[in-house]
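Would you mind keeping the following structure in view while I ask a few things?
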Amino acid sequence: MCSPCHKVAGLVLLLAIAGCEREEREFQSPPPQSGDAGAAVLSTLSPGSSAPQATPSPTGRKYNQNAYHISEGKRWFRWFNCNGCHANGGGGSGPALMDEKWIYGGSIEHIAATIRQGRPNGMPSFDGKIPEQQIWQLAAYVRSMSGNAPKPARPSRNDALNPGPAEQQRDPLPTVGGAAQGPR
Amino acid sequence: MNIALTAAAILLGLMIQSSTAQESNSQPDAISPRSAAVQEEDGQWLMAAKNYASTRFSGLDEINAMNVKDLKVAYTFSTGVNRGQEAAPIVAGGTMYVVTPFPNYLYALDLTKPGAPPKWKFEPNPDPSAQGIACCDVVNRGAAYADGRVFFNTLDSQTIAVDAETGKELWRVQLGDINKGETMTMAPLLVKGKVIVGNSGGEYGVRGWIAALDATTGTTVWKAFSTGPDAEVLIGPDFKPFYAMDQGKDLGVTTWPPNAWEQGGGNVWGWISYDPELNLIYYGTGNPGPWNADLRPGDNKWTAGIFARDADTGQARWFYQWSPHDLYDHDGVNENILLNMQWDGKARKLLVRPERNGHLYVMDRATGEVLSADPFHAITGTLGVDLKTGRLRYNPEKEPKVGRVVRDICPAAPGAKDWNPSAFSPRTGLLYLPHINICMDVEATEANYIAGTPYVGMEVRMKAGPGGHRGEFSAWDIAARKEAWTINEKFPVWSGALVTAGDVVFYGTLDGWFKALDARSGELLWQFKTSSGIIGQPVAYRGPDGKQYVAVLSGVGGWSGAIVAGDLDPRDATAALGFVNAVPDLKQATTPGGTLYVFALP
Amino acid sequence: MSSSDEGLRDTGLDSVRLHDWLSRTWDHKRGLVGWFSTVDHKVIGRRYIITALFFLALGGLAAAIMRLQLARPENTIVGPDLYNQLFSMHGTTMMFLFAVPVMEAFAIYLVPLMVGTRAIAFPRLNAFSYYVFLMGGLMMWIAFAFNTGAEAGWFSYVPLAGPEFSPGKRTDFWAQMITFTEVAALSVAVVVIVTVFKQRAPGMTLNRIPLFVWSELVTSFVVLFAMPAVMMASTMLILDRLVGTHFFNPAEGGDALLWQHLFWFFGHPEVYIIFLPATGMVSAILPAFTRCPVFGYTAIVLSLIATGFLAFGLWVHHMFVAGLPQLGSSFFTASSMVIAIPSGIQIFCWIATLWLGSPVYRTPLLFVLGFIVIFVLGGLTGVMAAAVPIDAQIHDSYFIVAHFHYVLVGGAVFPLVGAIYYWYPKATGRMMSERLGRWHFALAFITFNAAFFPMHILGLAGMPRRVYTYPAEAGWSAMNLVVSLASLAFAFSFVLLAWNMMRSLRHGTPAGPNPWTAGTLEWATPSPPPPYNFARIPVIDNVEPLWRGNGSPAGEVSGLRVDARELLVTTLTEAMPDLREPSPADSIWPLLAAVAVGATFFGSIFTPWAVIWGLGPVAVTLIGWFWPKGAPEDE
Amino acid sequence: MRTGSRLSAAILALFLAGCTGLPAGLDPAGPAAEMITGLFWWFTAICTAVWALVVLGLGASLLRARPADDGASPLDRGSARRISATRVVTALVGATALVLVALTISAFITGRGLAQLRGEQVRTIEITGHQWWWEVRYSDGGPAETLATANEIHVPVGEAVRLSLRSNDVIHSFWIPRIGGKQDLVPGQVNHLDFTIDKPGIYRGQCAEFCGFQHAHMGLVLVAHPRDEFERWFSSQLKPAQAPRGAEARAGQQAFLSRSCVMCHTVRGTPAGGKIAPDLTHIASRSGVAANTLPMTRGALAAWIADPQAVKPGAHMPRTELDSDELNSILAYLEQLK
Amino acid sequence: MPDRPDLDLSHLPTAGFGSRSAITWGTYGFILLEATGFALAIGAYFYLQSRSSEWPLGVIPPDLEPGTILTLAMLASLVPNHFIKAFARNHRVQAVRLGLVLMSVVGVALLVIRALEFAVLNVRWDTNAYGSIIWLLLALHTLHLLTDVADTIVLTALIFTRHGHKKRRLGDVEDNGVYWDFVVWSWLPIYAVIYWVPRW
């Protein structure tokens, strides 16, 4: 077969795999993997010439791409009162999450760590209160708020008061500030 | 009806009209608004509301309608905190005390020296985590001065007494638990050697209380909750509410679903007035929690109402509920102005309350009877007050529903006016009211109570009210029960008002203008653009040099300015509990700041 | 430039030269391009039927897995996620990809033959519709294979199918592919209507139209009015999901029941879209095997039309427990009862036909007899479901599952299988095995009843529909096991059918033009029919034209061109010859247009801008389609 | 034929083995259900008769003796009998119409009868459907008599009850076969279902409208008590949760309040005030857990808490990593919440 | 089969207008199903209106000008459209050509006005259900408008080629005219619903 055909076939296969990953409904989290949290580096600054290494975790990648996990995250975001402070992403007593600014890092590992550990200026620590899988789901959803998830996996509007364009309709924003970004 | 009778009726009507008109013309002496709660003018500003009657009227008249146009900046001072500056500067002796938003620095400025340099700075170091549970910016509404001590509250629920001269801490007490969402933002009131303070957290399911602390030691003299059993609310045999709806045993429990009062709100974060003659303090209780009223059937005593309590014992004397079973987050914590004046031909002790629901209540402050409740703003959410039963009548079409957006509820959750206090001038008989002309679309949703996190259950989207302007500043003639004049503002007016014996009214706007109006006509006489939006409370004082000064803090924030102070995203209409949608353009109009401005004539 | 009046006519041509000329003119080219370019309704119809049967197999497979899961309580062969996809795909496939297309496919194949014309009207549109159907169906199943199958049921009730509760692309695929495949159904409806209206053989007045053709005509009209409703609904759904509209968001003024109204405004007529052609098949099979014209032709035609109208008056009975006003429900009870009358008339007429004629018990007739026994039972439980109080009890329970499988399998699949046995020799030139056919019938009839009758009792025992499992304590285990075993056996009966069809293709006895000595025109052509159908267009004077004395129609026409595709257009009611219109030549453009439209729909699942991007290719292919090429047959 | 009869005998035997007595849908527990069941049997009788007649007619038409084929054109076949056949068919159609009219009228009469059952004095219970459990609220009395519980409805016998049905997420359907009828819970609107229970007892039901992953495990139980027993139940439920007794239960309460339980569940009288999952104040008094998927036993509760996703895959209750001490103490605590 | 030519049809014409032609019936079929779609969308509009206590939902009704201008222009276009159909029947090819050019220009102009209409609806499709349904109605009709304008332009091009003289192509012109009538008449109820119902 011709090489363009191979390429097309390869592309189709890739799309198919992406589709499978995106649509998987994984109800039960596998036990937390080592290195899931290790990826979080909060500063781009490091003495010497080498930049800090931030390696994205496989867990992060999985949650980032999966429509079900992200939509579950959206559910928890309301149920666990995240929206009480962060509204529907626009912020309130907590900072806006739909914009490009990230105080404590915008990678999914950072966000998961922020939820788990809390942050000194008012973000409560949910360690032990929110199980690990839900933390990752929440983190994936929070990333999707600024468009940082594959568009087909991002949530659409809720059956609720319309707060503005849904995550799916937002243009992806670059993640600015706060942390070293792993390749994503 | 025969003709003669009709003619007589008309004639009578005309006579009454002309007589009231005469009366209002012949003010200010015909009404005697002075009460014992108003101290003699001494050129100082010892408490946020100026006096126990909360008039915010300064007897100084050096700056008047004729010369106010020449007002110039005398000096400025940066507070070093760029969040919403809601406090009133306190002036005692030759010193000005300014308390900032979190981290609640307390500055003493030496007014005797040129440029008023700081004398000392007190850093209370509150827990930074408290920032996460402040519903509407990390504000503080001011300190209070008494007997050489300055008292103020910190965001993490401490009350602190500081030596006014040295800036040394005298005592501090922890009154609330931030892990439950409890904060303190209100300005304390000093009554008979007691510091009266209350908590905030109505959006976090915090049970509201008011407490009197011994001014010398900080120990609690009495503490009264706003919900729960009578014993904890300090309701005893003296309790004589005027209306049947407030009478009964343990209403703080039985007007709630089982145990719901434990997370019922009713926080005391607003203004307290005091009548030395009756020895009663008056204060409002905040909204019941959560906002979604379906989750708390019943009247939800004793939230969204006003208590009169014995200042010594804290025992309740009477209670009146502005919003039984509050539907719209209408905290009942606004200022209560205590006036002695003629009402229906009789001299009465009155309490005047511009309430969030858009009605201006005039009450007998001895009994708690509502004498009148007139709308001072456009209203769709309610249909007036039934003066027989005292009940507010809700508009059934505008009751928030679960799962359905109810549109155009006016006034919105912040009310026709929020905490930002009005001022009353006995010289004009007018009450000067900052308005918020905002309506809202709401959807009631399920609310989940998790201690230390918001407990609201409402999606809100606010927008400009009728006319498209979002703020107003008006003067209300209390005796004539009508509006004297009003001017429109582009943004909601979130600052307090100040009126002086020079017949000048001062207030600030969200986009940073500090304005002076003619107290009688409302004519704009002077304005000055400050560095940030103004949500503070202007004060007037006589400096050590004998000149009159006007001071205000500039620094946008609070609920209304959260979009700027918190850098919120206007694409989300529900951001800052929906307020952002009403002021999406505020970021273009102003930036965060924190500067004290003091003005004087050259 | 040649005037069309100058072509070669059939007048005076002997049958051999006639055949040569017509074959040259009408046959499609060889090769892949030729294969994809053909517009011959028989080729398209055959592909349609085979594709629909393929989807039947897939849908049946899904059902078999579901029944395996349900064979035992708390079974874990499939989890809830896969189960939900399976039953959604089963329902969607059976309704949208099998039942409606197969019924329309029979029309595509048979209607031109039965009305005596050389080609179907708008043959390119017809070919286009096939490719649309094929692509839509395949995409739906490919999506399923990639874990993106429909998951909210074939009915896709919002809010479960809405943006909040069905994340990802699963329901997007469903909604867009439904809209897409319904383009095919609508196209075929127009094609069939125009064929019946304008291309009937001379003399085929309204009261001489074969009943099968009548039933397909009425069905096509029902499609015309019903399918726009589901397209509107699925469009609203995809808009809600993709661009944030609020049609079904009660908070912002939308309404969840709007979906149900729109869906059932289509969904109930859908049942008749499937059932009416099946009655037409029965009315076609019965005379052939009773040697007697159908009793009550006029009554049956009126019943068909009445059913078509009434079909739109009872959608609300799917919503009796959704909380609608009482008065409305009463109206829909009455209308749901009334529709039993036209069905009853047809049943009585068929029994009368059997009574009057001399039945010959061949497989097609057996399936018709099975149909009557099963369908009447399903119809009567339908009458029960029409009563609001009873419906409140049995709605959404297994009783309803039993009811509609009796109606749809009994009422449509049994006649359809009969029709396959009946017309197979016409399409292939060979007979299917009668012995195997009888075994097939016996197995299907028994296992069908064993599989679906107990479901009535399960429903009454409280077993709701669409559950992926059930507790052992519920007491439903034994019956579910019976149901599962019988279902698998019933599925096996279709393997017999498939085997019979494939085997007979090679080994069946040659059939000849009219193996059943039936009376309608399709049997006047050779088996399989040549590309031009009829060497000469017949003239008709009877509803069973081949039952005249010598077994051939009353006459034939001449004067039609043989060097170009030309059709005889007749008047609407009297079928008087009126025009000789050209019929389009083969073309690859319908395929290209279908691909362009399909790509647009596929793209729009991911971004609304695909609609804008797609406009260009779609416009280009459509212009290519319609632009005359200058070849003589195009003129 | 013989195999067929044998098979049907086997099926019949299975039915009899499978259910003791009548299916739940035909075993009414109150007047509404009785009326529906009556109508059901009436329809069934008529429909069975009609079906039998049709099949008999079909059989007769197939088996009737026919004269030998006279070789006439099939077009003329049976023409002699057509007129009588027309009469018979016309009569049958008329009879069908009459039967349908009778059935329609009887359905209307039953419908009106059901409507008349709704008395003035009714107890209203609010049911809210959630994925995948039932929230039950009693709010008829004063606010202090408002009671929230889950998955278990208690009613007094002989009292007219009106269910006020709403949904917070997707469409559900309330169905307890023995009380008769079902009604959807549709987001954005409130539906009603009225009934009275005659006999004390426990009546089971479950969601009848497809509502997602755990549609199959969305059970509910209705308990009908004599009036005084109901009042006792009601007042005991109004009380806040019992303080934990014993060290293990006290540790359990601590664990409950410090782990993910507190994010969603309410135990009145403690700081746990979650409203998105069932109220657990009196969970031990209920007969089932996980929307009646499992019985209320220590083992079942342990299984459910330890791994909810194994019991109800896709349910919104997550697995919390608990060590066995924590799990046991939480169980000890919950078991005391009578 | 014996050759028994009974009925000689060689005299029959090869193209007809109106209901004689099969193509016209096809057009009618599509008009019927599209009209059903419009009717259902309008039905959905009124259904949603009946479910809301206020209408329109918290926004002001669309501005009248562009929609009204478009309506008048469309009604005016019926006149040339009528004449084009008559010219086609009478085989007046030159007149048909001129008419089609005119209709193409008119069509494009109408599309421009239509674009303005979207701008003055005063509500976005994702604001609330009212916005959604009026955007759907307008978009649905725009799709038909666009299709027919494109069809007209293609036909105009075609009629200027040698095919222009074919009776069959003139039949296409007539069918296009029939479809244009449908596009115009179907607009009137939609116009009323979008612009006037919220003002009642």
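So that you can tell them apart, the chains are marked A, B, C, D and E in the order they are listed, and the count of residues begins at 1 in each.
Throughout what follows, a residue touches a chain if its C-beta (ideal position, glycine included) is under 8 Å from a C-beta of that chain, and two chains touch if they have at least 3 such contacts.
Since the structure is predicted, the reported quantities are computational estimates derived from the model, not experimental observations.
Between chain A and chain D, the least number of touching-chain steps is 1.
Comparing the centres of all chains, each the average of its CA atoms, the largest separation from chain C belongs to B. The interface carrying the most C-beta pairs in contact is the one between chains C-D.
Centres computed as Cα averages put chain C at a distance of 30 Å from chain E. Between chain B and chain E, the centres computed from C-alpha atoms are 62 Å apart. Centre-to-centre, using mean CA coordinates, chain A is 42 Å away from chain B.
Chain C and chain D have CA centres that are 36 Å apart. Residues of chain C in contact with at least two other chains: 79, 81, 159, 164, 240, 243-244, 246, 249-253, 255.
Along chain B, residues 403-405, 441, 443, 448, 450, 455 each make contact with two or more other chains.
In chain E, the residues touching two or more other chains are 57, 126-128. Working note: touching chain pairs come out as A-B, A-C, A-D, A-E, B-C, B-D, B-E, C-D, C-E. Residues 187, 213, 258-260, 262-264, 276, 307, 309-310, 313-314, 316, 318-321 of chain D are the ones touching chain A in the complex. On the chain A side of its complex with chain D, the touching residues are 25, 27-29, 75, 79-80, 128-134, 159. Across the interface of their complex, chain B is touched by residues 139, 142-144, 146-148, 166, 168, 187-188, 238-240, 262-264, 266, 268-269, 271, 273-276 of chain D.
Chain B makes touch with chain C in their complex at residues 403-405, 443.
Listed in rising order, the residues of chain A touching chain C in the complex are 16, 19-20, 22-25, 27, 67-68, 70-71, 151-153, 155-162, 165-166, 168-169.
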